[in-house]
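By letter and in written order, the chains are A, B, C, D and E; residue numbering begins at 1 in each of them.
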């Protein structure tokens, strides 16, 4: 589905008649130098992609990749068209889960094609924001590229911050005195961190290239902005690496605590058992059928026996309390 | 066994008389520039290989490697002949297992020799597909090289996807409340992932070299196609690395759950034991032979004793239920 | 809040009238070559930062970073202004915890702006120290940069030394015969070590660059001093790496000791149980109601039975003592 | 001990009179260009080494290394003499153990000195094989170097294959239902794999250097042969790396299985205990001495009590069978 | 404390009058080209260091480092003076412990200053040895540098060999059938190996630099000797890496054995318990008070009951023996 399609002239959206609008995306509208078209499509059909590919003369391998939503982030150059694949990430609070989508961008000398798969970042709002900043948009297609990367990476940072809260919760749970089975939660978090890492790490190289001005359309000024994006990306990478390390350590601590608790349980159980079996032995003794057992004939033999049992239980109780088994 | 043998001229298979066909593989058929022979052999005997080696003047070390089916993937150059070893992988659904085979290719200026060991990828169908795409085949031996690499790597991706499903199953099993012994399954999967990795990783370097146009017969256009193969290879590598990491984490979670379950069992057992030994103590007490035990002479002494036992059991039951031990 | 603001001429603080002082930080005071302003701000408001940015023509991206206190250490160059982000660390004895703050520095040809977030290092005292060493201050803004880096890294070394003591304590606790649950302590220490590492590691590259004289304002003599800072940084990095490794090993030893202790407990418990159940069996035997049980009619049958029980207990005790179970 | 000593001319062993033979190794026999001496010594005394060192003017540091049998594999160049240290490995079937020896080679322009320590590879047979291949031997000292490296690395591959069988056995043992203590076996195998790795890894660099023709005496043809050796070396390295990884995973699975088995044992034991303590409780009840216990006076009270016990045991049995505890 | 101080001329110690001796270390004694002073100090006071620094014009940062005994090994160049920090290691047999000291060396064109901290290597004996080898000492200050590095690294090899013996002992203990708590020993060894590694690893780079002749005073001949030192250093590094790996594996095996032993204990305990509780049940049965229990009235009822108990115990014993529980 073609979501939006516009012609930009000196950083301004050009108002077009219905007819002019129709032609966008179906023909390379004659442009002044510096003018460019920006076509945004969302979950496109093969036909829509074909049409766009023919219009802008896109390379078939890139078009094939753009139609598939399971690419890894990468930057490729086909002639004077850059092809960038980005993973979008966002955090769904209700499910404590990280969701992923994908944006593919073709950036040519006088056009930008953005192909979005799945939900996630809202490119229309990114476009509206950018349209309000004419001085940025003036820089042409590379400005659009920057604006989207910046938006995507900002979202990564929000995801990183949300994961930090999740890890804090897991940590609190692991070290709480309550008996908790945190392994599932830790596993899920590690899985999500792996997903973030797979989005973030392969993107560092393209951003670094832009920051070093790998393309002749990147001015030193624009490069500075890409360096900022690369820096944020690096920060996200370090945050999730650190979270991953903390989770591994927390998991090991979880294992240790299970062992310690089992040990405590065992001692508690044993002490409890002793409180029962020892008086049982006494009862057994006075249950013997010897002819000559003086205690049996005492007037207060029975209370005496009960007292013996009770004292034994009390003594054991005190002993186990003192040695920390109960 | 020589499976197929043909002469290609401008991307078209040349129809040859019986006699002409006979000579293929036994002599370098005089070719126009751009023409080439493609000989496919499967599990060849030493004699067959020798014959081919003599015909195309192949290096003895490469021929020795081609006769052995336990090579590691590699690219070597002997004079103007490239020698590429590929591992083929395929997933056998019935056994949930990854199987491996091997393809050795000699790519000379006017010939391609493909030597296949074991089952796996069907090179005849790859050849038929390629023969239908004359515009690709026109590029000569390097096009055959590309077509086979592409086919092999596509199969890798299918194997990767199948392993992803297997890992999902293991994960579900590990975190299911049922008591499962998943260690064998995890071990087997890790072993298979190691096999995939050994096929995939050493192939990245040759593909990268082709993508950079290491051979003068690789046109920029062909290089773009090899870059695509290298990219898919990278994706497979990342998928299996991620699966390996997930399996390790799942395994640790499995260990943690075993411990937690053992702890729960122990507490359940202890609580169960208490329900028996406590009334046994009561029975022991009333089994004592004291002369003066008033309860023994009560009319309802016996039901009273049973009631005492039952109440104790009930109280313990409630206590253990409340504290989560039962 | 602007903490201090002064003009330096040939390594000396220039006494300024109230009016002159007012102008500092609001205008580039005309300077002789070699003179420079040093403005120190602490937790600045957006307005204060804006004012300073306008005065010294700082790049908006750097200013944005300087206003945020969650940057990672980095060195960036905008035109002829260097922008350095440092993490400050200090150890709070009362809480056995490492705290972090941040210093951002803009170093231009004739000015230094230091922006401090949070507590930690006291920049005023660093300034006073430096003002006493005119021969250093003479080197201009780079001398300020060096002095602050040196001070910050000295503090890192103190933190490293404090963590070494903490790790020694954990070690002593793990290997003490007492039963301790050290996993929480180890986790917290690993978390703090990770924090130190995140402050130290990214700073090594900037220091190395200064040591190699990356900036034309760095004289060979100054470079030697930065090499010294880089060397100390390296030492801190090695110290915390080593501590991290020791903690991991100590943690594993902790796990092993828990298992060993559980084993010992189990054997102790079992031996204890045997001391009770064996005489209970004897009592059971003499509690049987057979008509013909000679012992029951012995005059000293009862003491004899008690003696049998006691001897059995003594024999078991001796046996278990000898085999190390008690 | 000097094992063999000969002069080679155009790939042929030169028959020498007794006198001529005597002089070998004690003097640089005047040679035509391309002729060379090959002296083989085994566990030499210091005197023998000194004599040889003087004759061929070997560097004292290399001679010192050659006399010591605990070197690491390395290639060094002293003037126009190459000094290569190789570890030899072989697998002793009776002990399932990898044994190591050492070969030191001095390769000069017109001589080869091979110094063997310990058992292992049989250099005499290597020499005889080589003498039969005059076309190889013609290449001079480098051909001897190649022949020995090839032989040594072939032996590495045999060791690798033997270790693969050992690992398969361990794997079968770990995953067999029998209770096995595989940790010793795994440890020993890991130790042997470490030994193989220490022989193989440092040798890769010298072989790579020969394959790239680092020495002017290496012809492109010879380089191809060394590339083959380097390739086999790489294969061995990957095989043992994979085995090491498999052993680690198998070990973890072994740990998991111990835990699972302990859990099963505990449940089996508990169920068994229940089968005894429950009827004991019943017996205890009917052992009470109440005056009014109707069952005691029933004609079939005793069989009834036994029946109650038996039914309880049967019910518990069925229950535990169903829940998988027995 | 100044330990020794001498002037060397053509590899010979120059006999000096008392007066001449006095001046050493306080003035640069006029030297012929090639002559040099060698001053050795041990745990110097600040004053002694200052005096020397002034005499030889040493850089204040290096002097500061030389006065501190907690440096990491490093090589630095200040003008034409090299500053090398070495860690000395030695093994104290009585305590099975590795001790560390430090040597700092200043190597100028006509002087060597060695500053030793702590115990360890005996530099006086190194000096005496060197004085006996005039042909080495003739090479000037670099020869002293080589001699000390060689001596220090030889000591590293002895430490490595001693640690190998310790690891063998730990290994024997872990795999002995005795129940041992080896975790403390393993921890201590790992800690010592870390110490060795911290001494060895940073020294490799300086030795490699000397071997490549980084300084113009290093002749190709001297470089060969430094290559030998670098090679020994590499060997030590590999030895301790291997020991570390073995210890980790041994530790895991230790954990596995604890689990296996606990399992065996549990089964032994359970079997033992069965031998007591089963006859207790029988005793309980015959302790019941039913009016009609024929066995009670049998003449040999009591021996019969005891026989029943004994047979049950015997049967259980046989059963548990057979199934390996006892």
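Just so it is clear, contacts are C-beta pairs under 8 Å (C-beta built on N, C-alpha and C of every residue); 3 or more make two chains touch, one makes a residue touch a chain.
Computed from a prediction, not measured in an experiment: that's the story for all the values here.
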When you check each chain against chain B and chain E, which touch both of them? D
Working from the CA atoms, figure out how many degrees chain A turns to land on chain E, in steps of 5. 145
Between chain D and chain C, distance of the C-alpha-averaged centres to the nearest whole Å: 43
Interchain centroid distance [CA atoms averaged], chain A/chain C, Å: 26
Any chance you could list the residues of chain A touching two or more other chains? 255, 259, 262, 266, 273, 277, 280, 284, 287-289, 293
Just say which it is for the chain contacts: an open line, a closed ring, a star, complete, or other. ring
What sequence of chains forms the ring when you start at chain C and head for chain E? C, E, D, B, A
Taking the touch rule as given, give the residues of chain B at its contact with chain D in the complex, in rising order. 59, 61, 71-72, 74, 76, 78, 179, 181, 183-184, 186-187, 190-191, 194, 198, 251, 254-255, 258-259, 261-262, 265-266, 269, 272-273, 276-277, 279-280, 283-284, 286-289, 293, 295-302, 305-306, 309
Can you check the complex and tell me which residues of chain C touch chain E? 171, 175, 224-225, 227-228, 231, 234-235, 238, 242, 245-246, 249-250, 252-253, 255-257, 259-260, 262-263, 266-267, 270, 273-274, 277-278, 280-281, 284-285, 287-293
